[in-house]
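Just below sit the structures, each encoded as structure tokens.
Below, subunit A partners subunit B and then partners subunit C, in two separate complexes.
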Partner chain A sequence: MKSLLSIARYTFVQQFRNRLYLVVLFFGALLMGVSLLFGALAAEQEVRVIFDLGLLLTELFGIVAVLFGAVTLVLEEMESKTIYLLLTRPLPRGFYIVGRYLGLVVSVVISLLLMGVIHVTLLGIKGWSFDPHYLAALPFIYLKVCVVGALAVFFSLFSSSAVASVVFTLFFSLLGHFGSELTFLARKSESVLSVLLVKTIIVIMPNFQFLNYRDVWHIPGSPPLSLWVWGGAYAVLYAAACLSLSIALFSRKEF
Partner chain B sequence: MSIKRTVLTAGIFFMAFLFSAQAISTVFFTPRWPLFGAPSMQDNALLDVSGVFIGARRFAADLAFIQLLQYYGSEETEHEEGEADSLAAGVSLSFYPHLLTYARRSVGLDPYFHDVYLFAAGALAFNLNRAEEALSLLAEGKKADPTFWRYQLYAGAIAFRKSFQMDKVIELLEEAIQYPDCPPLLENILGNLHKKKGNYARAAQIFRHILETSRDQGYLDAARRQLETLRSMGYTA
Partner chain C sequence: MGDSHPAILLNSLTKVYRRSHLGRVRTTLGVEQLSLTVEKGEVFGLLGLNGSGKTTTIKLILGLLFPTEGTVDVWGLRMPHPAAKTKMGYLPEMPYFYRYLSAREVLRFYGNVSGLPSETMGPRIESVLKTVRMTDHAHRPMREYSKGMLQRIGLAQAMLHDPEILIFDEPVTGLDPLGLKEMRELIQSLNAQGKTVFFSSHSISEVEKVCHRVGILVKGRLQRVISQSEWSQTAGGLEGLFVDVVTSAGPMEVR
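Moving on, here comes the complex of A and B:
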């Protein structure tokens, strides 16, 4: 357990030294610039636009940070051979993967919070009156980011190429938002084979609509309180399944 | 941990998340909006699909609404608000013929975007004399969100407007502008109606309110001009 925490702490420090602060700074600058533009264009809807755009950018930057962090997490150490130093110690390989992942997602939560502070400050300047839905949207964004991180770790071990891992993960992430449209297509299709194929894809892909609180909070009767439990459980279990497969792949690797 | 055990663990987690997915589907109302639920504008289809792909329907609807505002604020608006009102010809399709399509594009992405229904219905009915289009848009809004009763209020005002019962229109619009999310477009229309009826003091109050609360430069300029006219007539808010 101590070794797992050491790896997590090492990854956390490494991520912050690498790029996360830059991501946050870039987010702040981009949000300020874009909000000024929309301020002129959106007129009465300025606050709504900045609210939606800010949450979207928070999520996108969180995903970018976790994606590139996760993809290079193990690959970099394999390429620079520094992984040998760790694996020659009595350290279970599963601990290495879980520790690296935990360090990564903890570092991302801090950058998400920083982006949230920048966003709320900007909304406050524009005359936004505090809405508790904002606080509810951030944890769901974080859950989504965690699932994408776990997927990226899996694909980085599966494909052994950073570019291919990024492409696979992005593909899964994008289709994850397409769940209801895929279900719609499956219902319209008459071919049994294509229905089966689409249904398999729906099952394997992460269904990010379950975690897309920032896009549905304003719909009457949605989302219910139970979303917190089931949404959280879904994300944790999906990430755990990805990490288990990653450990299986990593255990088979020969160095 | 052996490979067999880790694969088994992954399998158990996979089954568990399938169960949680099934459970979440039963408790969580996921809006099942077909991709092109509303007539889409081909030029902007890529933008709309991109919004859906990244899970940002709300923001895609915001962008569509901004494009609606740009369309409605384009060159064709070189006329005073309410000028179309005075057009004797029943329906003025020559002004902004695609306004309804723009509105439908935005609410097709987010059917709960109340302000689009209210803004577009107000513009269609009171400025462009196309009450039928406005009523059909409000009916779509009511179908999407029956709990938002202000659609009824607007529909009532439009129906009275059709039958030229201007006192009733003023009464309903007075109620509508009490809500903070009432678009300045309607306030502006109400101000103009009061001015036409000779209620200059009330008109001045409404234009003053627009000046104090609106973020739209067009309405701010229009309200300022109206207040100057009223001031020259001896009425101040």
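Moving on, here comes the complex of A and C:
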């Protein structure tokens, strides 16, 4: 356990010292500022636009940061051969994958918290009165980031190219937002083969419908308990499945 | 893990690399039917031309590669056994480290992963830094280090957890005359402490000066194991014996 926590801790330190990561963080903060501009264009809906756009940018930043973080951490480590010195020590290979993932996710979530602080400050300046929905929206964004991070770790082991890993992860993440459309397609299709194909895709792809708090927050008393339970359980199980597959791949990998 | 077991035991070890491209599988022989015993407290050198299988042998011992056939035992434990890994220190041909960490941070990280107790960690790090004469530079990020400095930190991390067996891959390649002398003295000092040292090299003159026995690999096969007493009584020394073994094995192929 000490070695797992050590991997997570140094991944976290590495992330924050990585210039590329800091540049992404800077652009995240900058885009928050840009949302002010869009807010100004929206006249009396200014606060609403800054609110929505800020949350969208937080989610996008989180996905981009965790995606590039996962791909560069694992693939770069294999290409630069720093992994040799780790795997020749008494470190179970599964610990390596889980430690890397935890360090990465924690570093991204802390960045997202920073973005949240900037966002709330901007909203406060514009006279926004605090809405508890905001606090409920952030954990769902973090859960999405955890799922995308786990997918990215899997694809960075599955593929030997960083570009292919990014493309596969983005493709899966995008399709994950179209769960209900895919279900509709399966229902309308008459061919057994295409129904089977679409249903397989639905099962394999992450279903971000479970984590789209924006879809339900107009309902009084939201977020409903079921969303917390199903969303949380789904994200944890999906990420665990991706990490289990990653560990299986990594255990057989030669260096 | 008793003294009755040899430090390293290779039994009919074969490694065949399989690479598939567009459905075509290409195989390359790494090593074939390699059997070898390295005793406790021995300095053993592995000599061979480029592509003879030296690095493959080392990676098989360390568990970075998996044998196609045969077995590797370290202190009687079948590799990759975690308990055996705690007793091994490895210096790769060109050590790579995390660019954003300082040497002290890297050593602490490897110490944690190696299971070094917290109370001995600090003194042990300072001790190995002193041995490789890097104490004054240990606070700097490793991206600022020269090749020679990286090599020194490579040695420090290999010795950090006070392993019983040290495995060095081409440790003298690229060293200046002073570096060669220091490396020779270090190997002799480690051996005087009762450590087993196993290393690969191209440099016959260096191997001749420090090794008790030498194995000559030709095209993945261990052609001959020669002891110090044999080469010291031969007119041409180890170089003459090496040339005889390599030329008698037939013409070299480009591998």
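Keep in mind that, in the parts below, the second predicted complex is superposed on the first by the 234 of 255 C-alpha atoms of A that agree within 3 Å, B and C clash if a C-alpha of one lies under 4 Å from a C-alpha of the other, contacts with A are read in each partner's own complex, and residues count from 1 in each chain.
In this section, a contact is a pair of C-beta atoms (placed from the backbone, for glycine too) under 8 Å apart; a residue touches a chain by one contact, two chains touch by 3 or more.
What you see is a predicted model; the values in this text were computed from it and never measured.
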Fit or clash for subunit B plus subunit C once both are placed on subunit A? fit
Dominant toucher of subunit A (residue count), subunit B or subunit C: B
Considering only the touch criterion stated at the top, classify A:Arg89 as touching first (subunit B), second (subunit C), both, or neither. second
Is A:Ser80 touching anything from subunit B or subunit C once the two structures are fitted on A? First, second, both or neither. second
Identify the partner contact of A:Ser3: answer first if only subunit B is touched, second if only subunit C is, both if each is, neither if none is. second
State whether A:Gln45 touches subunit B only (first), subunit C only (second), both chains, or neither. first
Using the touch definition from the top, say if A:Gly231 reaches subunit B (first), subunit C (second), both or neither. first
Could you look at A:Phe130 and tell me whether it touches subunit B, subunit C, both or neither (first, second, both, neither)? neither
For A:Val13, decide between first (touching subunit B), second (touching subunit C), both and neither. second
Which of the two partners, first being subunit B and second being subunit C, lies in contact with A:Glu254: first, second, both, or neither? second
After the superposition, pull out the minimum Cα separation from subunit B to subunit C in whole angstrom, please. 11
On subunit A, positions contacted by subunit B and by subunit C: 92, 252
What residues of subunit A sit close enough to touch subunit B in their complex? 38-39, 41-46, 48-49, 52-53, 56, 59-60, 92-94, 174, 176-181, 183-184, 203, 207-210, 212, 214-216, 218-224, 226-227, 230-231, 233-234, 237-238, 240-241, 244-245, 247-248, 251-252
Partner subunit A, residues of subunit B touching it in the complex: 1-3, 6-7, 9-10, 13-14, 16-18, 20-21, 23-24, 27-35, 52-59, 62, 65-66, 69-70, 112, 115, 145, 147-148, 183-184, 214-218
In the complex of these two chains, what residues of subunit C are touching subunit A? 59, 62-66, 82-83, 85-86, 88, 90, 92, 94-98, 100-101, 105, 109-110, 112-115, 141, 157
Taking the touch rule as given, give the residues of subunit A at its contact with subunit C in the complex, in rising order. 2-3, 6-7, 10, 13-14, 17-18, 80-82, 84-92, 252, 254-255
